[in-house]
Structures are given as C-alpha cells and as structure tokens.
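Below you'll find a set of structures to go through.
What follows is a pair of complexes built around chain A, which joins chain B in one and chain C in the other.
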Partner chain A sequence: MQEFKSLKDIPEQDYFTGGSSACAGCGPSLGLKLALKVLGPETIIINSAGCMTLLPLYPNTPLKASWIHNAIENAASTAAGARHGLDMMGNGDMNVVVYAGDGATYDIGFASLSAAAAKNERIIYICYNNQSYGNTGFQWSTATPYGSETKTTPRGKENPTGTTIVNKDMLKIMGAHRVYAATASLAYPVDFLNKLSRAKERDGFSYIELLGACTAGWNYDPRLTIKISKLAVRCGMWPLYEIEHGMLTLNKDFSELKPIDEFLKMQGRYRALPPDGVERLQALINEHWAELKEYNKQRYV
Partner chain B sequence: MKQTLVTGNEAAAWGARLVRAKYIPNFPITPQTECIETLARWSADGELPGTYFDRMESEHSVMSAAVGAAAVGSRVFTATSSQGLLLMHEVLYIAAGMRLPIVMATISRGLAAPVTLWSDHNDFLDQRDSGWLMFHAENNQEVLDMVLQAYRIAEDPRVLLPAMVNMDGYVLSFTDEPINIPSPEQVEEFLPGYDPAHTIAKNRPVTVGPPVLDEYSIFRAQNHVASRNALNVIEEVQDDFEKIFGRRYHLVDEFMLEDAELVLVTQGSMSTTAKAAILEMRDEGIKVGLLRLRIIRPWPNEAVAGALKDAKAIAVIDRNVAPGKGGIMFPEIIETLYNLDRRPLVSGFVVGLGGNPQTENKVKEITHKLMDDLAAGRPRMEWNDLEEI
Partner chain C sequence: MREEEIPYKGIEGIPIIREPGSAAKVNRGSWRLVRPVHHSEKCTKCKICYIYCPDAAINWTPDGPDINLTSCKGCMICAEECPTGAMTEEKEGA
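Let's look at the complex of A and B:
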C-alpha cells in the first residue's frame, strides 16, 4: 500500500489538468485532483449528474483518466457494471471510482449505492458532499445540515431556521453495510490520500465522503475553501473518522472543539440563523462528537 | 436438425448463452423471470464460463450496469418486462446515445394501473423513440434467431446501437415450442467475439456521456443515421444466417399478399392465429393476406409500403393503445402509405389488451368489418375487445 506521511509525499503528477469549467475555489474539483494523484490514469471515474458533470465538456476534458456520466441516481450500478465488465475483459487492474454528489448519494441514488455496498463490489465510492444539490443552484438534500439556508429551505417569517431536518448519518449507514467507510477533508490531504490508498488496495467496496466546500452555495470568498474545510473539522461539523468491520477510529481527535459559530459566520448560508438555531446545531454537533469519542476504537455499528 | 422443446423465455436465455455474453445484470419481473432463472441455473452449474451473472436491486440499475459494462467493451445481455421496462426508460435513451450495443429481451406485459400480468405491447412500444433497434418475434424460434441476429446487427460499426427483442408474455414466454438450437460453433461462426474500437480500455482513456453545447443535434442525427443504416445491415446478415442456420428473415413478414385485396397488419404472436384464420378465409374465397411487423425501429418504410401498395383495404390490428388517439401502429401505417399514388383504405382495430385472447373468430370478424368499410368507402377506428365503449 502506498503510504503518505506528509504533504511532501504527495505526487506532483496531475491527471486533472487546467481548463475545467468549475468555479474558482471549488472544493469537489480539488478533491478529484487529489484523488487522481493516488488513483492514476488507469481509472474510470463514474460520475452522477451534478457540478462535476461539467468538468468534461465536449470535445474537451481536463482529465487524463476515463469518465462515464450516466444519470444522477445510478452511479453505483454503472460502476458495478464497469467493474465486472473490466474483470471479464481481463482489465481487472483498472480502478473504478464513483465521484458523486451528496444528493445523488444520500437521496436519489441511495438504492443503487446500498446494493453495490451490500454486494461488496470492488469500487471506491467517493461522495463529494457540498451539503446540497449544488449544480442546480443550491437546494436542500438529506445531507444539508440543520440551520443551513438553501433555495428550497429559505428562511422566512414562518421558518427562520431554514433547514429544520437533521441530515442523515451516512457514515453509520454505510458502516452498517460492513464496508470500509471514512470521512475526509480537503484541509487534511494526507489523511484523504491515505484513505484512498487503503481503499484502492481493498478487495471490496469502500465509501469515502469528502466535505466539498462550495464557494457559490455556501456563499464565501473562494480563497477560503481550505480554511473553511479545516474549521469544519475543528468545530466537529466534519469529524474525520473511519469505520471498518464495524469498528470506529477517530482520525483527528481534539480535546476541545472550536465553537460552531466560527464556522457559521464565514458563510452566507448561515447568515441570520437565529441564536436558538445556532444553539440547536451546536447541540447536535456535540452529541455526534460525544458518540464518536465514546465509540472510538470500539464496535460502532 | 434436432428440435428441442423450449419456452420463449428459455429461447432468449439460449440466445444469451450462445452469444457468450460477458455480463448479464438482471432483476426479476413476471413474465420474464424464467429467462433469468434459466441463466442463473446455468451460471451456478458452470455452463456460462466467461459470463458474470449479476443480481441487481432494480431494473433501473440493471440498465445502468449494462451501460457500465458495455462502455468498457463487454457484450451484455439482459431481459425485462412491463413496469421494469418503464423503470429503465431513462437509461434506454442514454444507452442508445452512448452507442452501446446492449441486447435485451423484452417480454411484453400490459402496464398498470390496473395491474395485469398478461400481454399487450404498450410496454415495448413505449420505447420506440429511445433510439434502440426494436425487433418483435412471432414464435420461439424467431426469439432465439432474433437474439443472435440482434448482436450481429447492433455491434456492426455502421450501427452500434442497443437492440430489443420482444416476445409476447405468457403466449410465448411460458409456452413450449419445438425449436432448433444451433451449436456454439455455428454461432461463433456467425457472431465472433465483440472487439470494439471505441470503448474504454487500458491505455485508451475515453470520456463517455459528457455534456455538449451546440453539437447536441449532431449526436441525435448520428443516432438516427445509425438506426437507418441498420435496415441494410439486417438484410445483409441474412445470407450468412441462412448459410449457417438454414433460415432466412425479411424486413417484414409477408403472408399470402400476392393477390390480397384485404391485408391485416399485425405484430407478435397474434400473427400466427391470424394466419390460421386467413387460411380458412382463403378457402371461402376471401382474398385476404397478412403483413407482420417484425422490425419496428428502424422503421422499414419501403418494405411496408411495397407490401401494402396493391391492397384495397388494410386493417391495422394494434395490441396496444395510445389513449386519446387509438392504436400506436395505426398512424404509422397510414403515414407510410400517405405518399403513394393510390392509397388503400386503412381501418384500425385495438385488440387483445391485457392478454384478452385474439381468436381466429375475432380475426375473421375484423376482416368482415374491413370488407364493410371498403364497400362503404369509410375507414373506422374500433376497440375490438369490447361490444361498445
């Protein structure tokens, strides 16, 4: 297994070159760029409809790897077909990697994902989670956190909170599929690449969920993508952990979380979240963090 | 040649086995189940070496996985029916747009609501604008032959489109008929391994299914041209097919048309019943014949018009309905004849929905109604299953 000890170990070779149509500061694009450094050119990226679908735009592509965009809800099934197709054709050493948004993963594509995971298909499924339907202009998905305003959960007189539904605990769900499941952050690339490297060596399904900071939807200055990604981890909004064989490992432990307020105030989507909403969000984060601490190095699902 | 008793479902499964499909994603639905159960049994018994039999969680995922496997160059087979075919609908367009020669057996069953398990052709015909090649078999021998031919046609570099082979649920899917099952060597001679030049492979990165801007229409036009090309390819492959298997097929199936004044236009298994009725009516001196539509897409304009141009009156018998319009093939026949110098009278009959039996007597009744229409010089559009609606 290829292991990365520091930033200096990360290969310079890029398979995601210039010329993409993504926003400046796009978190998910940076995530794919990093991922391909580990995965290499003999990789098929299976994409679900979303922001990343616009990376290749006929007749150009910024990618030096293969790419299949099928529809929004079927990336995992498409990947399963590609995996078995490659295996039957004697190309078993090529990587099949899903790169799908959170709406395509948590919502519309969940049946397809769940089946591929239950069957332990040899696929790396990366969910770039920008906590919304980003490409259509930032609408609510079941990955949208409590208190975030979106275009379909706007704050108003009747509902000052915006999103009142608490997002799915996807890692736990995927962990319960008895596969390798991990979160990752752009601010911790060494951790991300090691998780990918591990997934690449596994003879089965891996699920990696990367927080994909979204400059347009979250409404922040594009230069702050990494800073925001780091804060999400430090505030416990995006804890870094992994589940394998049902065992939980907290990858970045902190004696104390930073208050969520620091994360919220940098982004337009939380502007005007009333104090009781902030309080409730903080309570949800504390509860999740306490659960992770309690089960660290123990059986979790 | 030795004949074997097999159902339509088994005939389709034999097709998948003989073409050495590398990947068979599947999901059960009545009346298709026996087809995939047969393949599952063979797979478990080691009789499908080189094939991965993949149980999916929905028909949508079946077609999605088919796309994934075909995009990396695998020969893919699957089968479905009814609601399952509708659930696939979105991905059918994608498979055609990506030019992936997947072959699928469809076993026709009426659509809900209300629920029926029995056959009509609405599920199949609902896919007619999807870009797929669409073939419809009359009997179990033709099911198997069509699957073999479908791969050869679909994989032709001038075509590269997915193909559907339709059979009527129950009437064919669960009925044993004696058929010739060719040897693997014969099939290998007719259909060598699939070696695509355009799919993803090692050292050949390819982008499949990206967005386009102004070029969209070009891709749609190419899909259309490829489908039209298939008309020639269908005819071309018949020589090889006949040489190896001793059978030959045409773009349309003509039955007693040479001197026919009245022509019945049918599809699928009801054609056999209609042919039996025609033989009896011929004994009574009625000059009636039959045109069976076996290639629905691409539409064989010239073959259809050529076969019908000398008729005085035509009854299009649709085992399907477009509510608010009538039978689906009725207007297709009319527009095919519209530019002829002399146009026959064309009446439409909607029959046999949800498995309602299409008997010889009903065929005779339709023929007599057509004679009345001809005498009156006035065509009709009628729902023949019912006394009145």
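Let's look at the complex of A and C:
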C-alpha cells in the first residue's frame, strides 16, 4: 500500500488539467484532482448527474482517465457492472470509482448504493458532499446541516432557522453495511490520499465522503475554500473518522473543539441564523463528537 | 485493453473526446479579477500552492511553482494558503 506521510510525498503527476467549467475555488473539483493522483490513469470514473458532470464538456475534457456519465439514480449499479465487465475481460487492475454528489448519494441514488455496498462490490465510492443540490442552485438535500439556508428552505418570519431537519448520519449507515467507510477533508490531503490508497487495495466496497466546500452555494470568497474545510474539521462540523468491520477510528482527535461561531460567520448560508439556532447546532455537534469519542477504537455499528 | 483492440461499432456521429486533458487549451484566464504573482525569493518550496490549486493551474518544477495563466481562474487559494507570503495578488488589467 502506498502511504503518504507529508505533503512532500504527494505524487507530482496530475491526471486532471485546468480549463474545466467548474467555479473558481471549487472544492469537489480539487477533490477529484487529488484523488486521481492516487488512482492514476487506469481508472474509470462513474459520475451521476451533478456539478462534476460539467467537467467534460464536448469537445474538451480536463480528465486523463475514462469517464462515464449516467443518471443520478444508478451510479453505484453502473460501477458494479463496469467492475464485473472489467474482471471478465481480465482488467482486474483497473480502478472503478464513483464520483457522485450528496444528492445522488444520500437521496436519489441511495438504493443502488446500498445494494452495491451490501453485495460488497470491489468499487470505491467517493461522495463529494457540498451539503445541497449545488448544480441546480443550492436546494435542500438530506445532507444539508441544521440551520443552513438553501433555496428551498429560505429564512423568513415564519421560519428564521432555515433548514430545521437534521442531516442524515451517512457514515453510520454505510458502516452498518459492513464496508469501509471514511470521511475526508480537502484541508487534510494526506489523510484523504491515505484513505484512498487503502480503499484501492481493499477487496471490497469502500465509501469515502469528502466535504466539498462550495463557494457559490455556501456563499463565501473562493480563496477561503481550504480555510473553511479546515475549520469544519476543527470545530467538529466535519470530524475525520473511519469505520471498518463496524469498528470506529477517529483520525483527527482534538482535546477541545473550536466553537462553531467562526465557521458560521465565514459563510453567507448561515448569515442571520438566530442565536438559539446556533446553540442548537452547537449542541448537535457536541453530541456527535461525544459519541465519536466514546466509541473511538470500539465497535460503533 | 487499448482502444485499437476493441472493434468499436458505435452510432455514427456520436461525440467522442479522443484527446485526454484537452481542456488545458481552453482559456479560463478571462474569468480572473486578480492574478497570483510568485516571488521566488520568499518561496520555501513547500508545495502547498501546487497541491491546493483546484484547476491544476500551478505546475511543480524543481525551481518551485509555475503558474499557468491560461487555466488560472483567480480563486487565490494559493495566496491565502502560502505560509511565507511568497504568493501575492495583483489586479488584472492594472
């Protein structure tokens, strides 16, 4: 297994070029660039409709690996089919990777994802989570955290909180499928690439969820993509952990979390979140963090 | 398996992109409001700007980062993350 210890170990080959139509400072596009450094050109990327679908726009593509675009419901089943096809043709070494958004993972494509995970197909499923349906203009998805404003959950007199529904705990769901499930952050590329390299060597299904900061939807200055990703980890909004065989490992452990306020202030989607909303969000985060600390290195699901 | 080994009998006129990474030629420089400027005397060659560039517009050379202004969209993550201030911004067209 290829292991990275510091930023200097990260490979210098790029299988992703510039010139795509992604926004300036796009988090998910950076995630794909980093992922391809480990996966290499012998990779088939399967994408279900989302922001990243707009990367290869005829007649140009920023990718130096193969790409299949399909409907939002069935990225995981397409990947399973591609895997079986490749194995039959004797191309077992090729990587089959799904790169799908959170709408396709949490909501619409969940049935096929669950089936592929239950069958333990040898694919890597990367969910770039921008916590909304970003491509269609930032609508609410089940990945949207409490208190975030979206186009379909706007703030108003009746509802000053915005999103009042608490997001799904997807890692727990995937962990319960007895597969490898991990979270990753763009601000910790060494951790992300190590998880990918581990997933690549595994003989089974791997699920990696990457927090893909979205400059247009989260409403912040594009230069802050990495700062915000780092803060999300530091304040417990996006803890880095992995679940294998039901066992939880906390990858970045902090004795104390930073308060959420600084993270919220940087983003337009949380602007005007009333103090009781902030309190409730902080309580949800503390609860999750305490649960992770309690079950660290123990059976979680 | 390589392309020539598979007899492809696809639909005529189907759009196929045959050149990998062909988007590198596309000029996205017009999206920029500010552009990054590298100062090699302050650079410690830590690779942070190169790794965090979402558009792969910074190529890594033995002498440090080499900015490709055709691909750079001016997000300025490089300037924000540079620990020594070796990457600064300059207004476009000034």
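Note that in this section the second predicted complex is superposed on the first by the 301 of 301 C-alpha atoms of A that agree within 3 Å, B and C clash if a C-alpha of one lies under 4 Å from a C-alpha of the other, contacts with A are read in each partner's own complex, and residues count from 1 in each chain.
Rule of thumb we're sticking to: a contact is a pair of C-beta atoms (placed from the backbone, for glycine too) under 8 Å apart; a residue touches a chain by one contact, two chains touch by 3 or more.
Because the structure is a prediction, the values reported are computed rather than measured.
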First, second, both or neither for A:Glu73, with chain B first and chain C second: first
Partner chain(s) touched by A:Ala111 [first = chain B, second = chain C, both, neither]: first
Which of chain B and chain C A:Asn120 touches, first, second, both or neither: neither
Which of chain B and chain C A:Gly85 touches, first, second, both or neither: first
First, second, both or neither for A:Lys33, with chain B first and chain C second: second
Partner chain(s) touched by A:Leu54 [first = chain B, second = chain C, both, neither]: first
Touched partner set for A:Glu42, first chain B, second chain C, both or neither: first
First, second, both or neither for A:Pro62, with chain B first and chain C second: second
Overlap of the chain B and chain C footprints on chain A, listed as residue numbers: 41, 56, 58-59, 61, 63-65, 89, 91
Residues of chain A touching chain C in the complex: 7-8, 10, 12, 14-20, 22-27, 29-30, 33-34, 41, 55-56, 58-65, 89, 91, 186, 189, 215, 222-227
Chain A contact footprint on chain B (complex, rising order): 22-23, 25, 50-52, 54-58, 60-62, 64-74, 76, 90-91, 94, 200-203, 205-213, 215
Of chain C, residues touching chain A in the complex: 1, 15, 17, 19-28, 31-32, 46-48, 51-57, 60, 68, 70-77, 79-81
Of all residues in chain A, those that touch chain B in their complex: 41-42, 44, 46, 53-54, 56-59, 61, 63-71, 73-74, 76-89, 91, 93-94, 111-112, 114-115, 119
